[in-house]
């Protein structure tokens, strides 16, 4: 019967800790998808969808694991998360696999997770950083950049991304004058900027987080007059950056996972109506993660992870009718009627191989204090 | 109310809280609290040994815990194929050279009379040694890190049973403690504190940045376990059957069983350490330490070798933290250097010791359980609190939305509140020193 | 027994001990007097290894003990008390005494786990000994009181008591009498004499109470401004002009006030 | 007075001490008798369980210590009676903390009394010898120009010459009409100058009399004054 | 060879930022050191006090900006500062009344107070995030640079630029003024001396007629002023983000300790030691040497002693070395 059914999705994000300012919109995104499905009343013959949150601290394994464990106990049917790659690995190994729970992370992008043993339970709606490295190298080449200085946030995300950028850029003949880590949340970045400036380079690529050390580095570099333009990978794209730094940032460019088309635009609009920022990093991916869960459940006709886990790739990829944000009701209907769908969603989901996003990237340039999309790759 | 009764009652309350979690949330959560509680208690025991017994203000717990974690990787992980051949000897000889340099400096400091000449020689040795060291190390490291960097790119471990890592973790920590103790134990109170804090930061910096050793921030994932994997249990018909006969479904049974095994291991370690600490505390050795803590000058005049005792206790306490660190990494099955934050691994342990009652081993254990319980359970409490506060409000009021939104931030706030309340009602800790 | 040879101790530019040389004979009770700030305590601290001398040497039974740490000296039989009581405040008075003897087998960690029987026996003996000392000092009722919570004079007694827990060769007493009731001080004096006679302890006593010094000490050394001013019997010292001027004084000027 | 520490047992049992203008009262007694406790109780530094403290007939039992200072009471405790990290001169200045008038005269007097302090006035008091500290402590209390002066073993550890001077000075102070209450173990000297003597045993008055009387009492001499 | 450019490069990337950061640390360390010196415990809540103080200033600044008030070339936040200090004083006095006083009366050990202050930290932290959120907040207005790198280059025709920000200037000037004031206050005024007396021997202070509660109150008021000033200046120069203030605590404590706890001069010296060791040891000398060396001999490598990954570690190594030679810090600090 319709009333008895309740689908519960867990969200494990770092609501406190170094990316706390990202997780608000991220969870709002995910919950928006849930609400959409819930309101449609079409999932599994009228199941309602609720969410349950737990804090991962982004970097606190113990906290993340016990939070996830609690969610399992609350009887969730799927787990959205975790956010940072480190805790994602921990939750996957210690909670998801033992409990046979499916996890879809919107934001854990470390290449290390690609090959991790996961019993087919782990997916992500964001691409591996290995891919972003290649894309960024191409963009730099096209713009005629010959040498870069590179700084990254000192965690698995930053390090993995920096490695990827460095090797890709070198492979196509570019020069990397220096690769220097920076720690997030530190009080002062003069030392890093000093070293980077001394090494020189046409451009400073900052593989960090936009409201963490990444922003600090850019500010320091601008203040000292070391660089005018910056290369900005995904973690640095968000409206906060131009807002906080101001007009000096105009002309800097970069890319973020995302695709062309109506998906992201619709989503941004929906998010605006929902009262949060849809362009905040990994927010579209979060929406998509939640949507994938629900669509796969519908396809499997079950909310048992063991049964729907194989359907995730199916609903995410072609063939089938393309589904955009706001069209979840339609998708559920289609699936119910036995038709194939190809979920595109807000971030152009295309899951490859081991269950991660193939990765199209939106090229961004900052103009007049805004992130302008100038093309796709 | 007499002390024993009171203490039993306190432990009873913690037990009841955990059982409550078992019923209200799940037994998995409850068991997880127990196992992390056990590990926390062990750390608290180590700190209590240093602070409660000997008055050593060690704020570098995080570093020792991390060294324990390193041991788990170096002992438990399989060696990376070809890595040692590529750069192992280079690294080893660089490290030996580094040690020799320091030895040389110490010798010079001892043998030569103070003066500008000595300073000059020391600086020369240090600079020369440093560049030689880098010259040996850097190429070797580069070769090691080049081996499949996304998956390995480090030397790997010895592939031994991971249980061995626990004592080894203790040894690592003890070794580091010996070096620190030799140099910094002369410092008093807060100066020692910041010195140990700094050393812990240095250890973490090394773990984070020496990829050849620990994969750095890329984390080592999949450290082997001393207990079976849940999946294997679920696929083991014998286990499934047994589970069924107790009325459990295989998934739940396997997760619970694994935790029970861990708990048994941890509890064994805790009990042994607790027994040893209790014996030590209530003996002339413990008395001597308390005397030293009370008044070093007088203890020295009464023939007690204060420096040696301090070093001993510092090493022992740190070793215990190292063991706990190894245990924790084993249970996490991964080493994540980025997670080592002073707040979580140093100050939280201190809170455990103080709230439990410093100078009292049972206090430390109680504190370990209680504070860990709160650390993971105040979050739901925060939500609950916010729900309660907002229950009377208009559903669409922005204040209500804001409050609910802030609920996760309330975790630390609630934690602070509870901490203050506990210390308010028993300022010397829940189980004070007698 | 102890030969102090031209000890200097400087604090910054200040010469607290400025070339003190003296000899303490085995079996004697030597009195050390001198004005406040003469450097007596500082000299004690140098001999007992608490302070390193700026220059000079200390020999004990022919062996150079300059700069040896206090705990080593303790094991060589050199004990001292502190002018400002250094009690172990969170321990009971009995524990304050029981901790003193060196080489207790229970001080080795290994034994605390695997040698409990032996420890228990030793402890019983120690406890008896400690109680005996407490009784002697008339503070047996304080045995289980925390040492931080006893009166100033009682602390000084405890300080003295510690030196009675072991067989010492030489004991340095830094103003045990200050703040101790005179009647009790007499008893302590008796004890010192007895320890000196029966067990052949050597004593060096700093004290400002001339009666006490007179009863116990021969010879008496008077220090001033970091140097030895005079040595001799108390009577000789008392007659020394310099000593009178610097230290003893000539009594109350306002005697007439009494009874007025 | 009946008083004790924290919630421990009573240390003082219905003990009475009084001193009049221009008088010197000396308290003697065995160690641990409660002499210091009595002084602290008079000064309001621990909870009085029974009894009253009166100053010039005014009941001040409920005043805080610093209020008593303001009323003109000065006290030198037996232990930790100086500011170790401050210079000698600053110690003396702190003694005059509540005074608003010019206190340079008083300071000069103190330096006259204890010349060594003048020499060391820029030195941290914690670096002084035991006897010098004692002089600083007394000097600090004199700086207050108190109406009542309470001294807990002021002569412990000071050399005979200084002790004599100290007693001299105490007498002088008393002559100006200031009552002085003093605990002493150098009891014979102290009782000689005392107008009034109290022998305290186990927190209670055992003997009371003029200084002379007590000195003459063979029982008292034997048990408390060392024969 | 081009010494001028070399010097300007060094000044721009090492000296100026080092001095500014050093002053920021010093201001923070002053507060810590004062609490330690007088109330005798290491106050963990100082970082979050700075955050709360800065937050009040941010909110007030927005209010003033909303009203159209401004200080011309100077940041409006300076106008908000006194009011923010007032609020912070209220907060700290309240905290003392509700929390610390109890332990003071109980004569609790310093370590208990340390843990208590950790609890207070959590609460402050929660309040800040609750009110203003966890994000970066921008509240800087007015003229950003006293001289910017670009202007400098144009003016001098040199290859290297030297930028000097308004906030850096203000920070340095404020630090100097505050230190002078504090010194004068502690060593020359009655209230200051009574504070030192209280910190030395509480009971005896009582006997000298010093009212302890007054001392405590004055201490908290000064601490509030210091914390708010430090917090606002830091926020202006970098950015206001609650989390970084907690992180700032570590270098602040390092500064206070390396200088000698309880000693204001030490706090200043410590701030600069820590700041410069962070900035210089990991500096890559390539650029500077490039100017200094004769043509053709310029270094090809970075000429960097250690990678910036270790900058934090290095500052602690320096701290350790200082402590090994001066166990209570550069300026003979106290220890409980």
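Should a chain be cited, it is by its letter among A, B, C, D and E, assigned in written order, with residues numbered from 1 in that chain.
To be clear about the criterion, a contact is a pair of C-beta atoms (placed from the backbone, for glycine too) under 8 Å apart; a residue touches a chain by one contact, two chains touch by 3 or more.
Given the structure is predicted, the values throughout are model-derived calculations rather than measurements.
Traced through touching neighbours, the fewest hops from chain A to chain D number 2. Greatest Cα centroid separation from chain D: this falls to A. In terms of C-beta pairs in contact, A-B outnumbers the other of B-C and A-B. The greatest centre-to-centre gap from chain E, using C-alpha centroids, is found for C. Between the CA-based centres of chain A and chain E the separation comes to 36 Å, rounded to the whole angstrom. Taking the mean of the C-alpha atoms as each chain's centre, chain B and chain D sit 53 Å apart. Computed from the mean C-alpha positions, the centre of chain C lies at a distance of 49 Å from the centre of chain E. Distance between chain B and chain E, defined via averaged C-alpha coordinates, is recorded as 30 Å.
Looking at chain E, one finds that residues 129, 134, 307, 309, 312 touch two or more other chains. Annotation for chain C: no residues touch two or more other chains. Counting partner chains per residue, chain A has residues 20, 154, 181 touching two or more of them. Chain pairs that touch one another are A-B, A-E, B-C, B-E, C-D, D-E.
Touching chain E in their complex are the following residues of chain A: 18, 20-21, 154, 178, 180-183, 185-188, 190-195, 197-200, 211, 215-216, 219-220, 223-226, 240, 243-244.
Those residues of chain E that touch chain D in the complex are listed here as 190, 193-194, 196-197, 199-201, 203-212, 334. Residues 51, 57, 130, 183-184, 186-191, 193-195, 197-199, 201-202, 205-206, 208-209, 342-343, 347, 350-351, 354-355, 358, 406, 409-410, 412-417, 419-420, 423-424, 427-428 of chain B touch chain E in their complex. Those residues of chain D lying in contact with chain C across their complex are 5, 8, 28-33, 35-37, 78-79, 116, 127-132, 134-135, 153, 156-165, 167-168, 171-172, 174-175, 185-188, 192-193, 211-212, 222-227. Put simply, chain B touches chain A in their complex at residues 25-26, 28-29, 32-33, 36, 149-151, 208-209, 216-219, 221-222, 229-231, 234, 251, 254-255, 258, 328, 331-334, 336, 338-339, 341, 344, 375-376, 379-380, 405, 408-409, 411-412.
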